[in-house]
Every structure is written in structure tokens, then in C-alpha cells.
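Handing you a structure now.
Order of writing sets the chain letters: A, B and C. Residues in each chain are counted from 1.
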């Protein structure tokens, strides 16, 4: 596992949404342990956390990611990355991302492989929706924390890059184009 | 190469199909050396092995994978993962898999890279067809064995996961839904 | 970074095209530093280098790759692999490649990861167009050189494999089919 103390902190007020994908949690028969550890870790990194739960259904997951991307800089899902027919989080994620960022998933699996070869069975996907970075984490608390640890070092940079202003905003507007929905919490 | 003695054995009777993809082997002008070493290794791991040969043709390969997936827990192909126009195994595999499991291919290439950078030229794909894990191995005996070595540790777990019963089977049936085609050899 | 002295040299006269993808370089407001270091490195490896510059536009990039692939053995792009809306080189590359070679991109990111976790944010793609190997390199000089270093060991082999003759050429023609556009410079 990465040296957790070394991870760069998120800019104050960076909004992060943690989406737990689980039939069991959604219907109240299972405790949301992975969501809880992810939320705690994001708070440690300085992020402002919100959360939600959806069952393992492609349309529900896709809609939840899209809604969260509208006013968060990062959307982390947990659960549904395995091999069973009910594991559909990667498919749902792929259906809403505008661009895929394959290295993020590769890095999580490469880090996981050092702990357990079973990490290779995670079909996690990462990509960008509406200038938010969306990342699938596995459903087990340990797996989720380990995957998150593998990418903590890139989160702040990715958020900053996605927020812009980008060269072409400047080129077109003469000055930076103001974003109507800043993704850092103004409070 | 992974410590071969450490690999978890397959459950007794786990059915594994080894599909050699090669024009030369199919027309009798080439010996099936990679198929032979893979079959021997699977037998060592405790699997029940069947095998077949097809030429390097997308439709033939896809049909052979699908047919094998119907009554095997694992389908391993060998050959046709390179860069020439006649290397079409990854395309054929992608045309029949229901979900892709990218970490399996990443793990094989990462392990191969430690031996030879040429491992990065394998376009191997892994995925699931009809609850069977399908994995492309390279066509050279050494490359095939090395790639197999990189994923032996996940085979038993993947087979068990894919066999189910899955949560939703239980949820819907009150008890585990019986599978009409158990993929372990009953003999 | 790989031991640069160990990289196998390209066959004399191997034609390599370096395509700089950058609005700034294309409109003359930015210096082409990454293109320059890539060209120098390819010359060291024994290749014959040509180059061009295009702005960050999918159609322009795709057309430039396709044109270069017609008479080069390798096409290296630099720039446009990041997360901003103007980074479109991977999309453009994917739109023209006939087959993808995922291990090449995985190897570049795995090597980059050892230097900086930000390497995981490169969406670089590699594939084959018209028997030419096409590889996206990042836009920073250091990142481009490091990514190139990670794949230098496979370039000569990939070029040789793609040039053929392939088994099926031989099988169909009785002898090797002559290629009308040899991709090695005859001078």
C-alpha cells in the first residue's frame, strides 16, 4: 500500500462524491463499509464529501454518476467491478464517460497485484464526465482503500487540469472563461 | 516466472479447453507445441483438459470459443495475438466476450515484460463468455507458459465466482438456482 | 528510465515520422521542444526522420497519421494525450488504427509511473495503420523521451514483423509478395 502520509492534499473544498453501488446496501440488508472507509480517507485528504447509494443497475448507476459529476470534481464509485452478472458498474461508467483514462485503472490493478493477484479481476474503469474525474473502486473495504491509495497522488493534479481554464478557453475569450459551476465548495 | 509450485490447484474436474489458433497446425504443416505445453500445465494444476485446433480466421475462432464456453469453465487460446494481418485471435475473442476483464491481459503483459519487452506486442484479450473465463495466450510455448503462469493464481477464484450461485440467483429463487450445465466434470 | 545504450538500433533507413500535435506550435506561438528531442533520439537509434505539425483537431491529426503511415514504418505523435477538452490525439489515433496494441501504451505508463504518478493521466494509444506502428507520446519533452525509452526495445522487432512477408503472403503467392511501398529508405 502507498505511503499514505505522502499523498498530496486536495485543494480545500474540493467536492468528492462517493457512490456505493450495491443491491444489499440499497435495500438495507448490508452495511456500507467500503463507502465509509472511502469517505473517511477523502476527508483526511481535505476533500468535502457527499455520498449516495444505488442498486446494481446500469441505468441507475449511470444516472447517479452523471448527476454527481455536475457539481463534484471527483466521483468515486465502490462495488460492482467483479465478474458476476450483477457486477455492472464498469459498463455503466463506460456508458457515461466522455473520455476514458486507462492509466488510472491500470495503476490501481498494478498496485493491487502486489498484494493479491485477485486485483486483476477488477474491471474498474476511469474517465471524465462533465469535467469530473470518475473512478471505479472495488467493493471490499481493503480493495477500495488500496485502489484509492494507488491514485491519490494524481487526484489533485487531475482536478486542477479538468477545472481549467484551458488554453483554448483563454484563446477564445481573451481571458479565462468563467465556469458557471465551480467545483470547489464556496463555503 | 511465477513460482509454479505455489499456484492454487483447480477444483477437481474443472473443465478447461485449449484452443490452438494456427493455420499451420490446422493444415498439418506445423506441430502444436504451445497447445501441448498448456495442456500439460493445466493437467498439473488439476484441470480436465480438452482441445481443438482452428485456422487463423475470425469466424472460426469465435465459433470455437463460444462452443467451448458452453461446457467448460476456462477456455485458453494460443496463437494469433501478434501484429500480422493473419493474427486475429484478439478480434475474434472480443467479438464473442460478454464482458472484458482487462486486468488479466495487463497482468500477463506485465509479467512478460520482465522477461522480454516483446511481451508488450501481444494483443491478448480476456473476458467472459457464458460464465466461462476466456483468455488469449501467445503462440510461442515459452510465451504461453509464462502468460499462463502470471494468471494461474486467479483461475480457481474466477471459476468459482463465475459458477455462482450469485446473490441475485439466491434473491430470486429463495435458494441457489441450479445450473443446468455444471462446468465441473461429473465423471 | 531504460538504459538507453542498450536499445536495439533500427535497421538502417527505417523511416520514422514525428508528428507534433499542438495548437501553439502550429500557430507559431510555441517552440516544438518535444518534437525536437524525439527526432534527435530516433536519429541516434539509426532511423531516418521526417516531421510535421498539426493543431489539436481530430480530423487533422487522423489525416496526418494516415498520410504518414503510407510511407513510414513508425509514426510517433507528441502532445494532446492529457485530460483537457483540447487533448484529442488518442481519439484521433483510435479513429484511424486498424488494430490496437494495448501493451505498448501500458508499458509506457508503467515506466512513467516509476518516475511520476502523473504518467497515469496520459491517455496514449498505440496501434497499426497500413503496416506502420503508430504510438502516441506525451507532449512534454521529458515525458516523451521517457515513454519512447520504454518502447525502444520493441521498435525494430515491430517494424520487421509489420513489414512481412507474412506466412499468408508466402502461402498465397508461392513466394513472398513484394511490397510496392518498402518502408525503408532506399537511399
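Operating definition for what follows: a contact is a pair of C-beta atoms (placed from the backbone, for glycine too) under 8 Å apart; a residue touches a chain by one contact, two chains touch by 3 or more.
Worth saying up front: this structure is predicted, and the values here are computed from it rather than measured.
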Chain A onto chain C, rotation angle from CA fit, given as a multiple of 5 degrees: 120
Copies chain A and chain B touch via same or different residues, half shared test: different
Centre-to-centre distance between chain B and chain A (centres being mean Cα positions), rounded to whole Å: 31
Multi-chain contact sites of chain C, meaning residues that touch two or more partners: 106, 110
For the chain A and chain B complex, residues of the former touching the latter: 23-24, 82-86, 90-91, 105-106, 109-110, 113, 117-123
Residues of chain A that touch chain C when the two form their complex: 99-104, 106-107, 110, 128, 133, 151, 153-154, 157-158, 161-162, 164, 166-168, 171
